[in-house]
Amino acid sequence: MNPLLLLILIPALTMAGIMLAGDVKQARVISAVGMSAQLLFSFVLLYWFYQLRQSGNTDEMVFVSTTVWYPSLNIQLKFGIDGISMSMIMLTSIVTFAGVFVSWQVEYLTKEFFISLILLATGVFGFFISLDLFTMFLFYEVAVIPMYLLIGIWGSGPKEYSAMKLTLMLMGGSALLLVGLLGIYFNSAANGGPLTFDLMQIAKNGLPREAQMFFFPFTFIGFGILGALFPFHTWSPDGHASAPTAVSMLHAGVLMKLGGYGCFRVAMYLMPEAAHAMAWFFIILTTVSVVYGAFGAIWQKDLKYINAYSSVSHCGLVLFALLMMNETATTGALLQMISHGLMTALFFALIGMIYGRTHTRMIDEMGGLMKVIPFVSVLYVFAGLASLGLPGLSGFVAEMTIFVGSFQNVDTFHRVATIVACSSIVITAVYILRVVGILLLGPVRNNHYLELKDAMWFEKLGGVTLLVSIMIIGIAPLWLSNLLREPLAAMLNQLTN
Amino acid sequence: MNLSSEIPLQYMLVLSTLVFFIGLVSIIIRRNLITMLMGIELMLNAVNINFVAFNHYLFPNRLEGHFFTMIIIAIAAAEAAVAIALIINIYRKVGTVSVDDIEELKY
Amino acid sequence: MTWNTLFIMRHEVLLTLLIMYELLADLSDETNRTRMVNVTIAGFFLYMLAGFVPSENAALFGGMYVNDELRVLLKNILSVSTFIVLLQSSGWAKSPIHQGRAGAFYLTLLSTLMGMFFMISAGDFLMLYLGLELATLPLALLASFDKEFRRSAEAGAKLLMSSAVSSAVLLFGLSLMYGIYGTLQMEDIAQMNLNSDIHTIAIIFFISGLGFKLSLVPFHLWTADVYEGSPLPVTTYFSVVSKGAALFTLMLVLYRVFRYQPEEWRMPLYTLSVLTMVVGNLFALRQKNMKRFLAFSSITQAGFMLLGFMNFGRIGMTTIVYFMLIYGLSNLAVFGVLSIIVRATGKESMDDLNGFYSTNPRLGLVMLLSLFSLAGIPPVAGFFGKFFLFTAAASAGMYILVFIAVLNATISLYYYLLVVKAMFINKNETPIPSIQSTFYEKLAIGICLTGILAIGFVSQLYEYIQGLM
Amino acid sequence: MDFSFTILILALPLFSFALLGLTSKSLKADLAGYAGTTSLLVITVLSYLAAWRYFGGGDAEAGFGTTIAMNYLWLNFTDTLQIHIGILLDSLSIMMLVVITTVSLMVHIYSLGYMKGEKGFQRYYAFLSLFTFSMLGLVVATNIFQMYIFWELVGVSSYLLIGFYYERPSAVAASKKAFIVTRFADLGFLIGILMLSFSTGTFDFDALTSPTGPVISQPAGSLFMGLSVTTWAMLFIFMGGAGKSAMFPLHIWLPDAMEGPTPVSALIHAATMVVAGVYLVARLFPIYAMSAPEALDVISYIGSFTSLFAAVIACTQLDIKRVLAYSTLSQIGYMMVALGVSGYGGEAGLGYMASLFHLFTHAFFKALLFLGAGSVIHAVHSNMMTDMGGLRKYMPVTHVTFLIACLTIAGLPPLSGFFSKDEILVAAFEHNKIIFAVQWLVAGITAFYMFRLYFNIFWNRTPEYHHAPHESPVTMTLPLSFLAVASVFAGFVPFHELVTSDGKAFETSFHVLVALPSIAVALVGIGLAYIMYFKQNERPTKLAASISGIYTAAFHKFYIDEIYIFITKGIIFQFISRPVAWFDRHIVDGTMNLIGNTTVAASVVIRRLQSGKVQLYIWFFASGVLLLTLYMLLQ
């Protein structure tokens, strides 16, 4: 059996286990055990991956297994990973692991909560290991739909509205996507061979130029909506603001990465000519995203809104870099995905912890938390520093790779765009420090807060896991960068020819 | 008697079409359910004319059209029976057989 | 006529026996409702199984009656659906207000099924018309079966009036066709492959007549009123079996008889599809009554079904049948839950569902899955059904239509989620109390749920259907 | 020669930071202090060892070479653009190592006394270690990107230390301001790096600054607004340097940064971090000198203006730390001027040498000034000059060392400040007479405000102290004394043999024509200060009143802060951010909501179709059929 299937099997078993669990406590423990196993397994997978590579395996994809599913439509269950998917799998299992621990205290409908959460994660895992557009799309939707329940049931604030908006906008995105995918499918045989959903096969065969020009926008925007592409990002602030902690973590940390990943692996990789022809338009959009998100974040007062806008900015940077279409920038985009995933998950985890204690997310109602809950606060500062791109934390590595990569495009348009995007690092600093200054530092404004308890063990575990991952990437980025870069040469060949 | 030499097929068709639409219009504008039922009969009879005319003029050697007409007549009778039953039901519940009064279900 | 002939017609012959039983039982045994229900369900179960026994393809009665493997499958889909309807209606049929009328109910219901089988097996338009009327007229009676309710009476009257007009229109179309071809034998017509303006008119009239049964916009206006006024089992039957029969018939006629003139029916169906999806969705958005809500939802789904017709080949037919199967099971599951609620509480408003999950988690979950299936969300079967339908449309290059359809699917997700929201999210002081469901009801839901969960993953089913085309 | 031990210079403070940071409060305060100090002592010794080996092993005449002690690949962007983390040793970085470790050690020792009993003592030492690590990493960077990395780290340590008293809103605001202003400057630095590295294809200093290397010898390339790409790149890079070194107009963060603990001000905001800009320019000096002379002119003008501007403001400030802060600005301006007027190689590189020489001496005497001020503040519990006076009696050691420092900065021979400043003036004199005149004037002003400070603290009237001020403990006076000695003798280090633009020694000569006027103007300054501030009198007030316009403007730091607040709060917040937020909520999101609402509204509008009247249904049916037929027939 393909070891990759374990990535789906373990969560599936966990969900079954939770369903059978007797009480809340058991459900909790089962989820924790399941997701720890998943994390462990992804490390094992990483090890195997390296072993394979070291033994001289230079295939584009490894652990490939193909089973024909719907022979008449040529739909296959085709799984396989390369360095990029491997890293995304690592990211997902880390964030899910942390997410489970952070939601330790969910009281209302606990079993259902964990099942939905893990279902979401399953969708994401499935998406990353799929090499067939059909299963990819299937898992994509599996990942999106539990969001509705997770936000609607366990959320806060105008949760029904936000949940509905998020779901509908994302599904609207997948509507575009579906058209794009079908278009790809029916043009996949243009240069001979049978119609196919097989990613690698399509890439090899190539699509006719007119088809690319027509379907690229569908696919790119379809995925882009999930990647918070301006102006289709507005589900993100509302959605995040209403979502429960772990959901925000998973959503911003992982789910939004599906967007970027899809944009690259499907839209750009399969339709390189169209990508080249239309890049300028999307570069403008993403540049706007980057700056606009950052400026938007400055004015917000709700912690989650701040982070949501910041995500718009950072995810905009991902798409921005992808569109630069060179090896360095793309590596940077992928690094940024992972980096942003970890750090925004950490942010949301911490916001959840703060909210759980103070029952408000308005920064001007709080202050001086550093004194009362130092552990949480210090983690928050770290997350903030990672976000503003401090060396030694992951954000710096990603952003610098992006900027250096983007700057390799010599024409004025790209350079100006790059410089504009660069300026986001200053704006980011402004809003991060503003939050840190108001929220954590200064005198304690509310005497009730003096009684607050610092992070519990499970919160610490979740937070520290994320922070350590951020630091590992920040301090020793070379391995990850190489892991991500390894498949790029071949893929970009496709893009540039 | 050879009708075909005297009255062209087109006349028949025009007639049936007219009858058909008269039936339709009477269904749409008449308020009484029973009258509407009569409109339906008109429409069915228009079809009957068609069938018979086609059969006679174009395919005189086969009887499909005639058969069909018979069956339509039979079914029309059944339909009328059912319709009357339902109209009585309506009358019991509503007190009238005016179509304007059966509009509780809407929007 | 040999035994073999009878066996080929086993769907109709055995059904006749069952109808005879109902007739006799209705005449003699008026007191024991429960026994009647049990015997009917058991009998229908055996009948349903018999339908699955393979038989050879044949054309009987000089080509009036045709049976082949595909038609057997279509009939089996309908009979399984009817079986589920019977299971779900058991509680309703047993209720005291139907004292002495259960037999009549089964009698009329099974008669309409008979009519539908004839529609499917028709080798001649005469047969088709007969079947259609047999399937329609008793339905009007069924719609007003709850004669003590004014709404039910109204539903029956409305249905009858409009369906009479629709069948008249269809007949007019048939008469024109007769004038063109000189025959109503389907195979002969298919061979001739004629083209003229009159022919176009005939086809459109025909489509309109069947489109009425299929509830395509603008022929759909009866749907919501009748669905709402009818007793719940009848509504279920309307939305799945009757609709299925109409769809199958339309498909068989268009693909088999008019297979050489596809352009004549594709454009009308394109238009109707767009109209149906959009209008159905817009109406469904603000419905509060569950039956009415499901009526508009089923209208929208009919719009989706038309997408399959864009492909003239095997993919088109396969996806239509496949989608109908999935839609049927999903809708039956929704109605199953709803019928349990209605049986226990008599409530059928969406607001009454508030907080449903807290008291009835299992039923809530079933409802969730089946609604997701209707909305086309993976991993339940609806996703596959929709995806393949879209594939069929896209294979004909109709990307704009696909796009409209997917957007509509998104809108439909909105109102399905409204139900989910009511059950899972909204709070309620006095939610529907915990309901104990009977064995029949559980069985019905079990069948549906198995289908919903498994069909997508068992690709053999799809391949099997495709093999029949 | 083996320099592999230098890795410890980086590793130890990092380790110390990690240790103190992780153990935090579980470690006893004293222990934490000693641990930090000990590690720094070791580093200092290692740095001296490195200096001894380097300068001892090389030949001044032939020039000191460049040694790469280690170089690990950290991240590769492309095959040529790679970030290494390594240690580059040349005369410049060795000199910086010595300065940094020395001052840092003094500050570590001093803080043992100064910060005693403060809450977060462990944290303080952790941050100090972090800063030391970052600063050392910066100066030994082998490539410009490594430098950028540590540059940012230095920025954040500065942020953390300025905001050390995080419960004090002013400290929080100051730290934020410092970070954001320098961050803004770093944006320029980053863009500069991008431009430079893409016109040259490398990050490595070796390749970049080699006069025969491809970078400098290549033609200037295309012009943009009259300047070559390299010039633009170097200007952008200088923007980073100007931010860190608080050059006008990016200087505003530095005075505020005095909210941090005084030893921190001494270490970061006087001796080490703020001169990173000077170091940066010096590090890339060959490019500036040979490929971007226009950029060098800009540097000299900005430096010169800043030094005058800051000196004027310093004359009016009452907070003693702020006076010192402006003095720092002014002195860094000197260093920049020196670099700006310098050429490359041999005698022409006098300015370069002078600049670094001044950096070297300034580190000692400015640290001394700050630590002395800290000692005073420690005793008086106030920063304000008005709360002080007559302290010479209470604090003899502080007094004497402070006086030495004042004399040094005033540039009186034979103290070290005289030598370094003199070299700068000579260089300026040879290059640009106007700049020379300005710098000469500033020298006088410097003497004036330093002695204004000195007299106000130690002489003048004695206010009523709540507690009698007392001399600081030995942990504080020891560093003071050491630094005083260093300030006196640092001028005798033969810089022109050790740290020169091309690594080769050259001869300097004594310029009487420059030295005498500068001594004179310093004396005049001191004299003026003596007249006005030695004893309490009315003259300062009168003078201030007579030039009230300039005085008020200078007192308010020429309203630069207000301009900044207007730009940030008024323009960025109100006119960009707020509209963006509004736009997002109401236009972008509004559109999405509008789509939803329109759909629902449409749903309500068309509900009349379903009128409940069966005849209308039939009518729709019929017209539907007919329309469809018509459509098909007309097609």
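Each chain carries a letter (A, B, C and D) given by its place in the written order, and its residues are counted from 1.
Operating definition for what follows: contacts are C-beta pairs under 8 Å (C-beta built on N, C-alpha and C of every residue); 3 or more make two chains touch, one makes a residue touch a chain.
Just so we're clear, the structure is a prediction, and the values are computed from it rather than from any experiment.
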Taking contacts as defined above, which has more of them, B-D or B-C? B-C
Chain whose Cα centroid lies at the greatest distance from that of chain D: B
Distance between the CA centroids of chain B and chain D (whole Å) is 97
In angstrom, rounded to a whole number, how far apart do the mean CA points of chain B and chain C lie? 27
Chain centre separation in whole Å, for chain D relative to chain A (CA means): 37
Counting in whole Å, what is the centre-to-centre distance of chain A and chain B, each centre being its mean C-alpha position? 65
Which residue numbers or ranges of chain A touch two or more of the other chains? 168
Touching two or more other chains - residue numbers and ranges from chain D: 607, 610, 612, 614, 618, 622
Can you list the chain B residues in contact with two or more other chains? 24, 27, 36, 99, 102, 104-106
Interface with chain B, chain C side, in the complex: residues 126, 129-130, 133, 137-138, 140-141, 144, 147, 149-151, 153-158, 160-161, 164-165, 168-169, 171-172, 174-176, 178-179, 182-184, 224-225, 228-229
Within the complex, which stretch of chain B touches chain C? 16, 20, 23-24, 27, 33, 36, 40, 43-44, 46-47, 50-51, 54-55, 58-59, 62, 64-65, 67-68, 71-72, 75, 78-79, 82-83, 85-87, 89-90, 92-94, 99, 102, 104-106
Seen from chain D, its contact residues with chain A in the complex are 73-78, 81, 83, 145, 148-150, 152-153, 156, 159, 163, 166-169, 172-173, 175-176, 179-180, 183-184, 186-187, 190-191, 194-195, 197-198, 572-573, 576-578, 580-581, 584, 588-589, 591-592, 596
Chain D contact footprint on chain A (complex, rising order): 165, 168-169, 230-231, 233-235, 237-238, 292, 295-296, 298-300, 309, 327-328, 368, 370-371, 385, 388-392, 396-397, 400-401, 403-405, 407-408, 410, 418-419, 422-423, 425-426, 429-430, 433-434, 437, 440-444, 476-478, 481
Using the touch definition from the top, list the residues of chain B that touch chain D in their complex. 24, 27-29, 36, 99-100, 102-107
